[in-house]
Amino acid sequence: MKKILIANRGEIAVRVIRACRDMSIATVAIYSDCDRAALHVRLADEAWPVGASPPRESYLRIDAIIDVAKKSGADAVHPGYGFLAENKDFAAACRDAGLVFIGPTPEAITLMGSKTAARQAAIKAGVPVVPGTEEPLSEQTSDADVRAVAERIGYPLMLKAVAGGGGKGMRMVSSAAELPAALRAARSEAQSAFGDGAVYLERRILAPRHIEVQLLGDHHGTVLPFVERECSIQRRHQKVVEESPSLAVSPELRRRLTSAAAAVAKTVGYTNAGTIEFLLDSDGSFYFLEMNTRLQVEHPVTEMVTGVDLVQWQIRIARGERLDLDPESLLTPMAHAIECRIYAEDPDNGFLPSPGRIQGLRVPHGPGVRDDSGAYEGGEVPIFYDPMISKLITWGETRDHAIARMKRALAEYEVRGIRTTIPFSNGSWTTRTSRRRGLTRPSSIARSARRAADRCRRSMPRTKSSPWSPPLCICSPGQ
Amino acid sequence: MKKILIANRGEIAVRVIRACRDMSIATVAIYSDCDRAALHVRLADEAWPVGASPPRESYLRIDAIIDVAKKSGADAVHPGYGFLAENKDFAAACRDAGLVFIGPTPEAITLMGSKTAARQAAIKAGVPVVPGTEEPLSEQTSDADVRAVAERIGYPLMLKAVAGGGGKGMRMVSSAAELPAALRAARSEAQSAFGDGAVYLERRILAPRHIEVQLLGDHHGTVLPFVERECSIQRRHQKVVEESPSLAVSPELRRRLTSAAAAVAKTVGYTNAGTIEFLLDSDGSFYFLEMNTRLQVEHPVTEMVTGVDLVQWQIRIARGERLDLDPESLLTPMAHAIECRIYAEDPDNGFLPSPGRIQGLRVPHGPGVRDDSGAYEGGEVPIFYDPMISKLITWGETRDHAIARMKRALAEYEVRGIRTTIPFSNGSWTTRTSRRRGLTRPSSIARSARRAADRCRRSMPRTKSSPWSPPLCICSPGQ
Amino acid sequence: MTFEILAGNTVRQVTVARNGPLLHVVVDGRTLVVDARRVGDMALSLLVAAEGDATPVRSVDAGLAAQRTAGDFDVHLNGRTIPVQVRQAGGFGRQKKAGAAPGTGPQRITAPMPGKIARVLVKAGDEVKARQGLVVVEAMKMENELRAARDGRVCEVSVVEGQSVDAGAILLVVE
Amino acid sequence: MTFEILAGNTVRQVTVARNGPLLHVVVDGRTLVVDARRVGDMALSLLVAAEGDATPVRSVDAGLAAQRTAGDFDVHLNGRTIPVQVRQAGGFGRQKKAGAAPGTGPQRITAPMPGKIARVLVKAGDEVKARQGLVVVEAMKMENELRAARDGRVCEVSVVEGQSVDAGAILLVVE
C-alpha cells in the first residue's frame, strides 16, 4: 500500500493523514469548494477537488471520489467516519475499482448498517437487544401505521434512522402527540445525512449508561475486543464526553461485555475496526444497541489507555497483516483517558450552529493532553458540515487526574471568532472541586452538566422536540 | 500548599504552571524586563517583575525572588532547572524565609552540586567513577598547575565546571596546546552561567553512552529509581535527543544501574527529584558521572513511558506525601518515548544563536505527540537566555514507531522569523527509512546526525575549541 | 477616554487613562491599575492590580473577537467567553440593551445563523398562531424551526427553499 | 510579473501570471500551474500541477518569514527552511550572490547575531595575525569569538565591552 485516498474532511481526515505519515504512505485528500484551504488539504501530499460544498455534491459523490482515486494512483481508500464511511455502495465501488477499502466488507456494512438486521444478528449471537421494531419503517409507511407500531412498543420511545449514527435522525418521543412532528424531522434529517429516510422504533430505557466496545478483526479469523468506553454524557443524542475505562464496569462485567461484542462480530465475520454499543442498565444487565462499522469519533480514548494506534491497525489489517496484539493488554487499561468534543455551537444561545472564520486559536499543550483538530487560526468553519471542529483528549494517572488535566486544557483552549462549546464543557467540570487535591468528584460532571443544561433551557425560546433541545445527561458516569 | 512561586522562565516555567493547575494550586510567575509578555507570565495566576533582562539582574537575584515570594503570599518555590535550581544559597534562603523549596535540601545540593564531592559520594556508595581530579581547580589555580594535573590524567580529557551542568563551561581538550584557551573559555562561561568559575578535569572515555537514571526520594526514607534515559546524541556537549528506554540496557543491566543510582542517592539522604548520570562503556561497565539535583530538561520521556507526572510528584513530596508508586512499574517502560530539543540556533550557519520575534508558529499535534514549549506566535525569543525554546516528545508502540511519529511531528513543526534546529533534527531522522514500514533504522539517527554535523563543519569558519564546534554524536544509540 | 460597556445586562461606565507604562481604568468609580501588552492581533496580556494596590500582578490573558456590529466583541478569559458591547460615553443612555420589545409591532423573523432555507412552512397572507412553525433553517446538518411568537398574519416572505442566508437576514414578517 | 529568485547558489528567472483562479509560474522556462490560497499572514496553501499537467494537486504548505534585507525571505516547506532572495528582473544581473570577496580590502568584522560584547581582545593600531581572536560576542549564554580572516592592522574599534549590538552591526575594522 503506497498511496491512500482519504474520503473525508476535518479532524478525522487529518488524523488519518498523520497515521499514513507514520507509515510512510502517501496521502490523497479530497475537498469541496469551501474546503480548498482546509487543514486536511494543507497536510496531505495531494489534494483533488470533488465538487460543490453541499455534501451530496462532493463528499457523498461516490463516482467523483472513485475517479480521483484512479487518477491519483491511490491503491486504497480510508473513509473516516460519517459521509460514506458506512455506505455499502461506496465500499463495493472501491472493491470493483480494484481499490482496497480500509474498513469492513460491503456485506458487513449492509448487514450491521441496517439497525434492524443488526439486532437480529445480535439475537443470533445470543446477545440481548432492546425491545423494538424488527422491521424498518420506510418513508412510505403512513403515520397511522407508525403510530400503531409505537402503541405496541409503548412510550416513551426512541425514533431512530435505520441508516443512522451520531444522533442524526434520532428523536425521543414521549407521547403519540409528538410522533408526527418527530417523524417528519427524523426522516428529513436522516434523508439529508444518509440519503435514506427509513426509521425504526425502540423502547427507551430510562437512565441507562452508554457503554461501547471497540473491536478489530483481521482477515485471518481473529477478532479482538478492547477495554470499554463510556459515552453517557450526551446532548441532543450526540456524545459530548467519552472516557475509558467506565467506572460502572468491573473486570468481570468487562469480560462479559467484550465477549458478547466479539461474539456479535464473529457471527457476521466482521473485519477491520468496528464498535458495538450497549445500553447498560442499573442492575448490570446490558442490551445490544447497534454496531458502528467504522472508526469512532472517540477512538482516541481507547488509544490513550491501550497505546494502540487504531488507524494504523486499520491500514495494517486492510493490507492483510495479522492482528498480533496481546488480547489481555487490550482489556487492561493504562490508567484513564477522557475525550471532550468541541463543537462550533453557541452554548449561550441554545447551541445554535456557529460557523465562520476562526480569528484566533490557542490550543492547549503539555503533559497528558492531545488535540485532534481540523481547525487553524484564520481558517473557515463552513456551514455545510458537522459542527464538531476538534476533540480534546486527556490522559491521567487516575480518572480524577485526567479530569484535572481536562479542566486545565479547556481553560487554555481559546477559539475566537466563532462560538464553541468550550465554555460549556469548561463549566461542566469546574464545580465541586476538592481544593487540596484539585480533583473533580466524578458525580459532579453530570450534575453540573445538568446545571449548564438548565442555563441553556432558560436562554432558549424553543420546545423540547426541536433539535435545539438542551443538553441532556442520560446519566451521571459518577453514580 | 496553596500558592507556588516558579523561579524560572520559558518552557519549564510553563510546565510547572500546568502541573500546579492540575493540582488546583495557584501560581506566581516572575519576569525580567524582556519577559513581560512571555508565555509563563501569561499563563500564571500572578506575575511579578524581578529586574533587568540579564540573568544576574533578575532570574539569579535571590533577594528579589524571595521578596516576591513573601509579598505574593506564596508558600513554596519551584526552581525549575538552570538559573537557581542547583544553588544551595537559594534553597537555604527559601528555607530561612519559611518557604518550602520544591527540591533537595541545601546540604544535598552543596554536596552533589560539587562534582568533585559527588564523585567521592559515589565512591563511598561503591559506584565506580571516571578517573579525574578529586579536588576542584579554583579560578586562582595557575595554568601551569592545571597543566600539571592534566598531564597526570592524560589527554584527551574533559574540562568541566565544578558547578556545571547542561554542557555550560565544558570543553574537550585533546592536547596541552588547547588547554589555556579552553580553560579561559570554560571558566568565563561557568562564571556567567553559575557564578562560579571553578573547574575540574576528567579522563575522556571514548564513544561512551550517556545513560541517566531518574530518581524520586520522599521525606520518609524511600528512594525510587525510574527506567533509564539515554542521552547519547549531543552537540557541543548539549543533549539534542533523549529517549527511554535505552537499547543498550538489558533488564539485568537496568537492575544494576538503577540500584547503583539509588545507592548513591541514599548515601546522601537525597530527597525530591534528581538524576544520576552514568557513562556506559562498550563492555557494559558503567561509571558515575554526576548527579543533577533538579528536574531534568528531558524528564518528559520518563513521564511518557511510566505515566508518572514527575513535577506533580515533586510537589507532593515537598508537602510531605509518601512515595506510594509501585517500584516495579517504574522500571517497566510502556513502549518507547523520544525527546527532540528545539533550539533557536541556525543549523545552516554553525548553530549561531538566532533570537528574535516568532512571526509564525505551527505546532504539531495528533497521536503520540507532546510539545513542551515557552514560545508563541508573535512572541520574542530574547538574547539573554538559553536558546532552547521547546521540547518535542513522541511516544510509540515501538522505538521505530516513536521515531516515525517524531519525523511526522518535526515535518509539521514550523517556527518562522527566527532560525531553529528543526530542519537539522528533521534531517537527522529522515535517512535510511524502510519504505514499507516507514521506520528509521536505529543506527541511522547518529549516522545522519554525523552527516549533518559534517554539513555544518563545512559551513563553519571556526575552530573546534570554539563553542561553535559542530554537532558531535558521542555514539549511535543504534549500535 | 470614557466608554460605556454592556456585559450581561449591566452597563458599566469605564474611563481609561494612560499613566506612564500603565493604564488607570476606572470602572463605575473603582480604579484599577493595569499593565497591558499586545501579545497578538486582538490578544492582550493584562496584569491587574488589586483595588488600592499600585503593582499590577494578577495575570489575565484577554482575547478579543470582533462581532458583526461595530463595537461588539466576544472577550475570551481563561476558557470563558463574555460578549460585550462597547460604546462612546452615553451611547447606551439610561436604558439597558437595545432591541424591540417582543410584545408589540410586526415580528421580523431573522436567521439566527448563516445557513440554508430547508423549508418555508407558510406563504404571504397566511394566518398563523403563536408558536406555529414558519420556516426551517438548516446549518451544519441540523434543522432549526423558527416559530411565531404570537398570533398574526404573514405579510411578507423574503426567502425561498434552498436559498442561502446570512445571520441576521430577515426571512419573513408577521404582523 | 518577472522576478529573479536566488535560492542556494542559483539565480532563477521566475515569471508569474494570473490565469483565472490559477497562477502560471514559469521557472527557467518550465511552466507550473499553481493554485495558491492565503491561509494566514505570510502563509500559503499551494496546489501545484506536475509539469505539463493542468490540474494542480500536489499540496505544498509554504510559510514565509521576512528577513532584515527587503526581498529576503525564509521559505518554510514541510519542516525544511530555504533562504531565498527575491529581486526584480535583472536585479542580480549576471553574477551570483553579492558580497565582498574575502581576499581583498579592509575586513569589516560584523556581529553575526544580536548580542552583547563580552570582550574586546584588541585595540586600534594593533597588528593582528590571521585567525587571531578580535572580539567575543555573547548571546543566549554562549560566547562567539570572531577572528581575523588574515594578517592586518586594527584601524577602528567601534564597540566597548558590555555593549549590546544588533545583528550586522560593524564591530571593528581590520585593514
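First chain written, first letter: the chains are A, B, C and D, and each begins at residue 1.
The working rule: contacts are C-beta pairs under 8 Å (C-beta built on N, C-alpha and C of every residue); 3 or more make two chains touch, one makes a residue touch a chain.
Note that the structure is predicted; figures quoted are calculated from it, not measured.
Q: Select, from A-C and A-D, the pair of chains that is joined by more C-beta pairs in contact.
A: Greater number of contacting C-beta pairs: A-C.
Q: Mind checking the centre-to-centre distance between chain A and chain C? Centres are C-alpha means, answer in whole Å.
A: 32
Q: What is the distance in Å between the mean C-alpha positions of chain B and chain C?
A: 49
Q: Chain C: which residues touch two or more other chains?
A: Expected reply: 40-41, 43.
Q: Two or more other chains touching the same residue: where does that happen in chain A?
A: If we look for residues of chain A contacting two or more partner chains, we find 43, 411-412.
Q: Touching pairs of chains, all of them, please.
A: Final set of chain pairs in contact is A-B, A-C, A-D, B-C, B-D.
Q: Any idea which chain D residues touch chain B in the complex?
A: 40-43, 63-66, 74, 76, 78-81, 83, 112-116, 118, 131, 138-145, 147, 164
Q: Help me check something: in the complex, which residues belonging to chain B touch chain A?
A: Per the stated touch rule, the residues are 14-15, 18-19, 21-25, 43, 300, 303, 307-309, 311, 334-335, 363, 365-373, 395, 397, 401, 404-405, 407-408, 411-412, 433-439.
Q: Quick check: in the complex, which residue numbers of chain B touch chain D?
A: That would be residues 168, 185, 188-189, 192-193, 344-345, 348-349, 352-356, 359-360, 362, 383-387, 410-414, 416-417, 419, 422-423, 426, 462-463, 466-468 of chain B.
Q: Please name which positions on chain A make contact with chain D in the complex.
A: It comes out as residues 29, 36-37, 41-48, 72, 376-379.
Q: Would you tell me which residues of chain C are touching chain B in their complex?
A: Per the stated touch rule, the residues are 35, 37-41, 43, 45, 47, 55, 57-59, 61.
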